[in-house]
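Let me begin by handing over the structure; questions about it come next.
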């Protein structure tokens, strides 16, 4: 997935090019390739806005959005919003992942625990973030705790699902090796099952992080006065398309950055995978 | 560790894989299991190891009937079964519970014994088939087990490496007097290593014949006596 | 941009008229319930569709994206959208609701606006209750910074008040009516004039093309308004049934609606200008915006007047 | 994961019981075990409600919720809400999964396509459902299409993520078998890569379905007058805790049912997995 | 299909696995590759197959230099590499592009030839090691390839089954005159099957010696002439 990081660039489209010129190399740097589409998108959008095809009250132009973000930055509130949301995501992510690892390991490993817990967890999984809001206010009031907890709930489910599935997909043959050494169940999980289901676990983490970002909006409906979700909702309430889109853009950027961190971790942790060298 | 197998039968969804196998070994004996492909040798070995509990009959270690894994036993599987996320060295020391440094030393010694010095930091995907199998052998031997179960451990190796490792096995045996059960397709190998050879045939596999090889070890490869045994075993097999 | 009747005769009608309905606009529910709009346009084969607006911001999104032709909003919301360039105009006032007030718990010591100093007050930023709160504070010489504002959705604000997470709440019906009935919450500060009215807005291009039809939609609304005035009990039942609320709550909510003056006029303009100032201060409207002009552009009473003639 | 379906019940807690009595068998039927926790939860909740610890205006008692659902059913509107939401989910799920399979296969297989598309997709992944609403209204107006499309967006991301990761986790050794037969890339994907990454794909589908359910609320903010999301929002806008909780319960039940269907499919499709026989 | 390997060298991250190997085969020839574990036999085979393009040097088929997979070639890998989600029958017919029924018939015939009749509907996880390897052999043979690359195909099999399959291989060869490259550790096997035997040694593996066996096939196992060759090969290896 992250093959490009070790310079293992594509071979099919340019099979004969053995040594690319430095210029070509720079041209086809993954970062540049990855920017092609977004850049095209932004240019088209800007052009349509300028031509008046998309009126500003519907969708402000990219430059207007950038202006808005710069304005927020100059006022100094931007960092507050970004900072507090990132902080909440971070804590929620840690909590949710930890809970998912613990519960998921038990569920994946013990049939009885699965029968006991899994049906309920699966039922909770489809409850929308907005629906949790009144319940969380009820249980935890409107402090920071309830916000972080709600984000943790969002993170929990995908991580849990992927861990359980990862564990039950682990090759029995490897587990038997551990059993021959008289490993306890805990050791089996720690030394064989978790490493072997790591790919699945990491996808779960990335999926969970994405859901965490989505839960931010609901979390910040609970009496926040700062944060990206707050910005979005205020934008909707005050009918400010520029604020709405600015917060969406910030969501996208921060989401992308945090995901890239996880993807990097994934690449590092899975270097042993005998994976498809892709064309 | 002495081992007794009594009337072991294993069925999979109604199909019988092995039927009514019984034999016995004394402490420090090396027993060979020979038989055609699919006659249930691996199945039998799994029953002995305790990994498989679904058999009928009884397996006793040191006189006690057991149905679970004994931590003094080691298993060399038919496939290498290395942990793909660990290096050769970490794979070899996988089952050791000593301190890190000691573990490392022990692992290194056995890596050298199986002829893989210099490959300590390779990952399984970078190894050749025979090299992976040798790592698996090192991993099983490093724990100095009292009972060693070997499922075609040397089949992926060239003649030269194979002989080296057979001698390594004998060396370990003379040091620790481990009891061993060795599944093999190589009659010469069985004759070089085993004190007793059990022949299974058919599908489901049944007990066919038992040969007790009374030559003392180490034996000379291709000696006269051994050749005579070989003829008898071949005769017994090729019917 | 008002049409004149001479052109109106030659205009061809739209294929479809898209109305919205909302639980905060009882007249819209009555219109939909009795199918009066369908009745009105049936002969010409014009289709009528209804879309539910869950709140002012949704109604405005629908208007902006050309998903509906008529949308019901609070006056302040329409003004904010207009300030962003939304092509809408307000052609009718469906009610003068007193849908917001300052609320506190039964046992609370808070009795007047001044007591809010330093207290936690829940409100939804940018909405009518928020404007109401700021204007109430302003009137008593307090500033927004003097209280701790907690941004909560309307329903959550009611909950937070009930469980004591906040000291007061800038409430909105029907949450407020329900809180009164169920938890004995008290409305310690009321002022109907600080509410920004219920506006029926139309898309400008629709009004330009089919001025006649705007008038006829207003006619239908007028019919509904008169019916509500005559049958308050049944109207409450319709509201209760449609919006899934208690009849008692519905009655309370309707009592707080004044259906007497549907014609957009000076009082509405004044209320909006005052709200506009507050919104400007709260940065919900751009500093540079000309409130005076925006309000005049937004409010266009010409269609109703004609209907009255 | 779904071992219980073939009667492979736990062995650790009752290792000696070779043949359980019919009574015991019924007692420990997975369905019953799975109901223990929810039943306890409901009883405690009901008790607290009756004792007045949780006032009804905050959280109505389970019986009140059931009454509410029965009331909806008697009025006949329940089936409308459930039906339309299920229909939207179904279509959105099909669309989102199809898109994810196609795009995910290309991204997983071609390095260049990954470099081109993946960064943008990853950025979009963290945009909350609520934020999409104004954009979708703008692009597709408020018909059925925009609702289904928004749900499809929710479904897309987890499926995509799992497919890409599944594909890059496929054992290179198996792919080489196909290459030796001169398989085209399409054949490789269809005959080796997709089946081999099926476990990952199925988790993705289950994860995606969950997210689909979550996106329903946002989807039904777009001018719906029926559906579970609509019920939830109406409940919130009209301050009706019983309606809110009733819709949450319906979300949970429907989510559970649809997930159980997928889980069944997972079990059927993965019978070949040499999976951990769990204790 | 004739094959020419010219100066093939393969490096992995700077470490050389095989160095400067050249040899040539005529159409219908069976070439054996012998060498110690890890000397690069599998690596060389992968280069010939076209699966690995990272080598230096040149591989030509029928006189044309190629660097990609030839669809008339078949590869029996060192591990069975069965698709775990397919039954034995579907695994065997995996590479066939005929109609369903025809595929089924062909697959069944080859399943019977490798002695697995009755196991058509088993999944790989239900097979023994040797049975899995035989399925892989059937899968490779069923396509009647012009070039057959075999990486220790029979090492997991007992002597009896092994001989049967060696004879099967010869039968296929006499029918289709496939060119074959056979990696093996079993010198008897090489002498029974091959027209030419190439010995590699060392790490990195280099060319050591080439033996041309001029006995016509089918040969008698353990014949006088063959025994002489064996002695020479053993001598060449055990140094």
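So that you can tell them apart, the chains are marked A, B, C, D and E in the order they are listed, and the count of residues begins at 1 in each.
Simple rule for what comes next: contacts are C-beta pairs under 8 Å (C-beta built on N, C-alpha and C of every residue); 3 or more make two chains touch, one makes a residue touch a chain.
Per UniProt, the chains are B, E = ABC transporter ATP-binding protein.
Please read all numbers here as calculations on a predicted model, not as lab measurements.
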| item | value |
| --- | --- |
| Partner chains that subunit C and subunit D have in common | A |
| Number of steps on the shortest touching-chain route linking subunit A and subunit E | 2 |
| Of D-E and A-C, pair with higher C-beta contact tally | A-C |
| Centre distance in Å when subunit A and subunit B are each reduced to the mean of their C-alpha atoms | 48 |
| Interchain centroid distance [CA atoms averaged], subunit A/subunit D, Å | 18 |
| Rounded Å distance, subunit B centre to subunit C centre (Cα mean) | 84 |
| Touching two or more other chains - residue numbers and ranges from subunit B | 79 |
| Multi-chain contact residues (two or more partners), subunit C | 64-65, 153, 155, 159, 163 |
| Interface hub residues of subunit D, defined as touching at least two other chains | 58, 134, 138, 173, 233, 236, 273-274 |
| Which pairs of chains touch, using the document's own definition | A-B, A-C, A-D, B-E, C-D, D-E |
| Subunit D residues touching subunit C - in the complex, by the definition given at the top | 55-58, 133-134, 137-138, 141-142, 221, 223-225, 230, 233-240, 243 |
| Residue ranges of subunit A in contact with subunit D within the complex | 1, 3-4, 8-10, 12-13, 30, 33-38, 41, 58-59, 108-112, 114-120, 122-131, 134-135, 138, 157-158, 161-162, 164-165, 167-173, 175, 185, 193, 199-200, 202-203, 206-207, 209-211, 213-217, 229, 232-233, 236, 241, 244, 247-248, 251-256, 258-260, 263, 270, 273-279 |
| Residue ranges of subunit C in contact with subunit A within the complex | 57, 60, 64-65, 77, 80-81, 84-87, 122, 124-127, 149-153, 155-156, 159-160, 163, 165-166, 279, 284-285 |
| Residues of subunit E that touch subunit B when the two form their complex | 12, 34-38, 40-43, 78-79, 115, 126-131, 134, 151-152, 155-162, 185, 187, 234, 237-238 |
| Subunit E - residues contacting subunit D, complex | 49, 51, 69-71, 73-75, 77, 79, 81, 83-86, 94-95, 123-125, 143 |
